[in-house]
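Structure first, then comments.
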Amino acid sequence: MSTDILHEVTQGDYKYGFTTDIETDIIPIGLSEDVVRLISAKKNEPEWMLEFRLKAYRHWLTMKMPEWAHLDIPKIDYQSIAYYAAPRKNAPQSLDEVDPELLKTFEKLGIPLHERMALSGIAVDAVMDSVSVKTTFKESLSELGIIFCSFSEAVEHHPDLVQKYMSSVVPYTDNFFATLNCAVFSDGSFVYIPKGVRCPMELSTYFRINAMNTGQFERTLIIADEDSYVSYLEGCTAPMRDENQLHAAIVEIVAMKNAQVKYSTVQNWYPGDKNGKGGIYNFVTKRGICKGENSKISWTQVETGSAITWKYPSCILLGDNSSAEFYSVAVTNHHQQADTGTKMLHIGKNTSSHILSKGISAGFGQNSYRGLVKINPAAENSRNFSQCDSLLLGDKCGAHTFPYMEVNNDTSIVEHEATTSKINEDQIFYCNQRGISTEDAVGLIVNGYAKEVLNQLPMEFAVEAQKLLQITLEGSVG
Amino acid sequence: MEQQYIDLYKQQHESIKKHSAAVMNDSRDDAFALFEALRFPTVALENYKYTDLKEPLSIDYGLNINRIPIPVNPYEVFQCDVPGIHSYLYFVVNDAFYPVNEPRNKALPKGVIIGSLKEVATTHPELVKNYFGKLSTTKNDGLIAFNGAFAQDGFFMYVPKNVVLDKPVQLVNIMRSDVDFMANSHNLIILEEGAKAQLLVCDHTVDEVHFLSNRVTEVFAGEDATYEHYKLENTHTKTTNLSTLLIDQHPSSNVLANVITLHNGVTRNTIEIDLDGEHCETLLCGMVIGDKNQQVDNFTSIIHNKPNCNSRELFKYVLDGMAKGGFTGKLYVAKDAQKTSAFQTNRNILLNKTAKMRTKPQLEIYADDVKCSHGATIGQLDETAKFYMQSRGIPESEARLLLMFAFTNDVIENIRIPALQDRIKLLVEKRLRGELSKCEGCVICQ
Amino acid sequence: MLEIKNLHANINGKEILKGLDLVVRPGEIHAIMGPNGAGKSTLASVLTGNQTFEVTKGEVTFYGKNLLELTPEDRSREGIFLSFQYPVEIPGVSMVNFMRTALNEHRKYKNMEPLSATDFLRIMREKKTLVEMDNKLANRSVNEGFSGGEKKRNEIFQMAMLEPRLAILDETDSGLDIDALRIVANGVNKLKRPDNASIVITHYQRLLEYIVPDFVHVLYDGRIVKTGGKELALELEDKGYDWIKKEVEENI
């Protein structure tokens, strides 16, 4: 299988790089209170939402961009970005009303919005630029009491839930990018799983940036009530452009007593070209709270895209006996940079967390794992195990690990292991001897190296992720 | 906090310089300017996250800028006698090299110079000039800058080409004062090509006052040189020990540094080892036994600038009471440092629910043909092992002790002076048994 | 099929092969024996294109093609198979995925269509029985966590899958107990056909009781110093290598 993919890849690099020619409603570039009001007005938001945005915006003005990450971020002019862009036809009631160009776009991306054609078992919320285009399977899910809709719809139809949980995990003051998101966020997905319900299908949001010079600021809120379960997938792509584009999203997860949430991401934003020109700046705040006893949150991410990734999906383990997992594969090739990892904050008793991070650096890529495991004094008998491996392909890339561990009681155990090595020549020769070319051998070995993480992904995503790993590393050996 | 020192320097810099040496004065004003800009480090700085100096720096210390002789008989207070160790013996009292007429020092091999940095800087200015400040003035650190402004003297050691010191050199630092006191000293150690030396540094406090020692040690290990640096800290809880050890390794040099904190107040060890030649070997070890309100932060970095070097790092902490431990292990492999092999381990045991440990290993790697790893754990004594021992009739307290001792043993194993190793084993055991709950010979620590 | 003339090879500047000559024809089994350090494994590495060794002189042709010019993978696709002395572990890569990639590469080289998943699995099942390989092993990662015997059986299994024209068995008997040895040898014998050949590199005569060679060569100090029939192996077993060393030294 690997050969076909590589062959395909040698022709084109980033296969999602096309643009859609569609009438788009873009507001002028720049950021001010008026812009915040304008976004809120465009979305017909209630007063409380506007107040929230303004509060965040005013706070954002007092903040500075964080500089602690191992990243070389060119100066970003926040006044040269358009903060809202939407395909002109808004809020379709049925699929017939969705612009055919949009349908084509998502079909090209492999995201079918026709429910009868949809991959069985996945409900999709498709977001293009600032708005949600279409959410599938909404009706059948609602029969179970599950709410799966765009964030804007949730604000309109479920204001109580939104008001109660929005910003309860990531406060509006959290960090520079999160605060900016709070001020200007456009759309995103909202999920509520009621008590005792096991969501029968994978829920998925597909994010697409299309318009030029815009930023994408979506936010996702997932609430899993007591004894519920949901598996959620997130995918993203963007056209190839020479300019950098900013993506600053927020994801919040709330897991109540005995609830389980599994969140999987295959991040494939446009990474820029071979010389590092263009690409998405992916500055994302993702955090979950294990609020109730025995709750569980699991993050799985495959990060192959973006010019710069700044992202730390984290968990607050508040409920006793709660647990959290973080599985990550991050690849940086060419001039990509990634500073990614997780934070596990243990507050409840008998809480446990597991971190598995596999970094792969090639070309001029710089790949950093950054993580914090903190055990509070009250978090008795808590456990953490972290494993962070780095693989280096080539002598111009870098692999870095910055773990922080803080333990404040005498009944918990925290363990961390990290290794860095280059790809094993013996393994490559062994594959060669069986007739497998070096490039394919690297693909096989890298996928094998990342397998423990890929295994955590739902089936369809796992296959996609495997291909992506190979594609991303195309041309890195030689 | 800083202002009184800034004012002091502005008023007294002439006296400071007058009582020091020209070579040391050359960079003094620059160091002061840097300190004025940087100020004392706070926990807000990434590199000082685990060293809280707010309290110790709020104390009003006296400084002995005019070098008034301190009345002391070092032999009376010297508790660091290692039975069976034959060493060359030297004393620094507070921040001044203390001349004693020690008969055993007469046997020093020819060409070896050991003495007061201030004096050697006057008698051999060219020698000192080639090395002094070469490492310390490149650092952007408030404490090092402060030391550059205020240090007037310290310990100096020079071992010429291919000279092997047959016995370890023992340097005893004694803090002695009737008022709260601050000492800034600068040590300079130079090993020429093929030279070999072992230095044992012991820190002791004598009086029941607050002490703050801010010491910078620069070490230059020439090609093929072998250097061992042992630092044993056994001070009282009112002591703040800020110690910077900067080591520059030339090709094929072999360096062992082992820092052991048995008893202390607030300790910050900054250790930076630069591997500036191929085929260097580095072993950096450390151990901390802490209880009460003790704070220890070992901030280490090993920088592989050249290919084919091996480094290993091992730090162990046993923390009880309200002790706070911090460890940073930075491992940097530069772009061209291929075939680097670097391994780091930090293991910590918390014996009490009020003890705290924070650890931060870091790998920063820019070369691909490397083997690097780090491991860090924070946990407790192995319950199954303890139970196993108990089931063989060993009482729990003894089992705990045996396990703690076993835990620290691999650091002690890396002491290559047998008599010293035996002595430290004994001291560690005493410390773990609680028999050394204060530094020997002082009465403050309860 | 294989012709080696005056082959010289170095590792890190040290000469290991010092003018080796060997001709292998279809249908033949050649045993190469010799003391430690004689260059036996080096020969296997050089024939399969391991980059750690540098060929300084000599030529090697395989069915008329200059073997030394080919990449390791093309040598494999041409039909040269090495059963590794120390099979390499590749974590996370399943045997199925590994073997299917390899087999399809071989087919592509011969302008054949890739095998469908079902056909592939059928062939895999067939060949597995040949070496009495556990079903579970096939689903595990390549050699990872395999015992010594399992690794060697896995090598012969791969050989069965790829159907080489020339198989080189490098110390395949080392670390095998008698049952495993029998299984491995059985596998090799069953795969023997008039149009393929084997080179069996071994230190002991033991394996040759099961795989009967047509020729036995003694490799010493980088050269083949003695060639004989299968009885030479017995003689070596009996007398050790010292008499050969003496003979060679006397000739010099």
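Read from first to last, the chains carry the letters A, B and C; within each, the first residue is number 1.
Just so it is clear, a residue touches a chain if its C-beta (ideal position, glycine included) is under 8 Å from a C-beta of that chain, and two chains touch if they have at least 3 such contacts.
Note that the structure is a prediction, hence the values are computed from the model and not measured.
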Separation of subunit C from subunit B in steps, with touching chains one step apart: 2
Of A-C and A-B, whichever chain pair has more C-beta contact pairs: A-B
Chain whose average C-alpha position is farthest from subunit C's own: B
Subunit B and subunit C: spacing of chain centres that average the CA atoms, whole Å: 57
Inter-chain centre distance, subunit A versus subunit C - centres from mean C-alpha coordinates, in Å: 48
Approximate Å spacing (C-alpha centroids) for the pair subunit A, subunit B: 45
Of all residues in subunit A, those that touch subunit C in their complex: 1-3, 424-427, 429-438, 440, 444-445, 447-452
Residues of subunit C that touch subunit A when the two form their complex: 48-51, 71-73, 75-77, 81-82, 84, 87-93, 97-102, 104-106, 108-109, 141-142, 158, 162
Touching residues (chain side subunit A, partner subunit B) in the complex: 68, 70, 377, 390, 392-422
Interface residues, subunit B side, partner subunit A - complex: 46, 335, 338, 348, 350-380
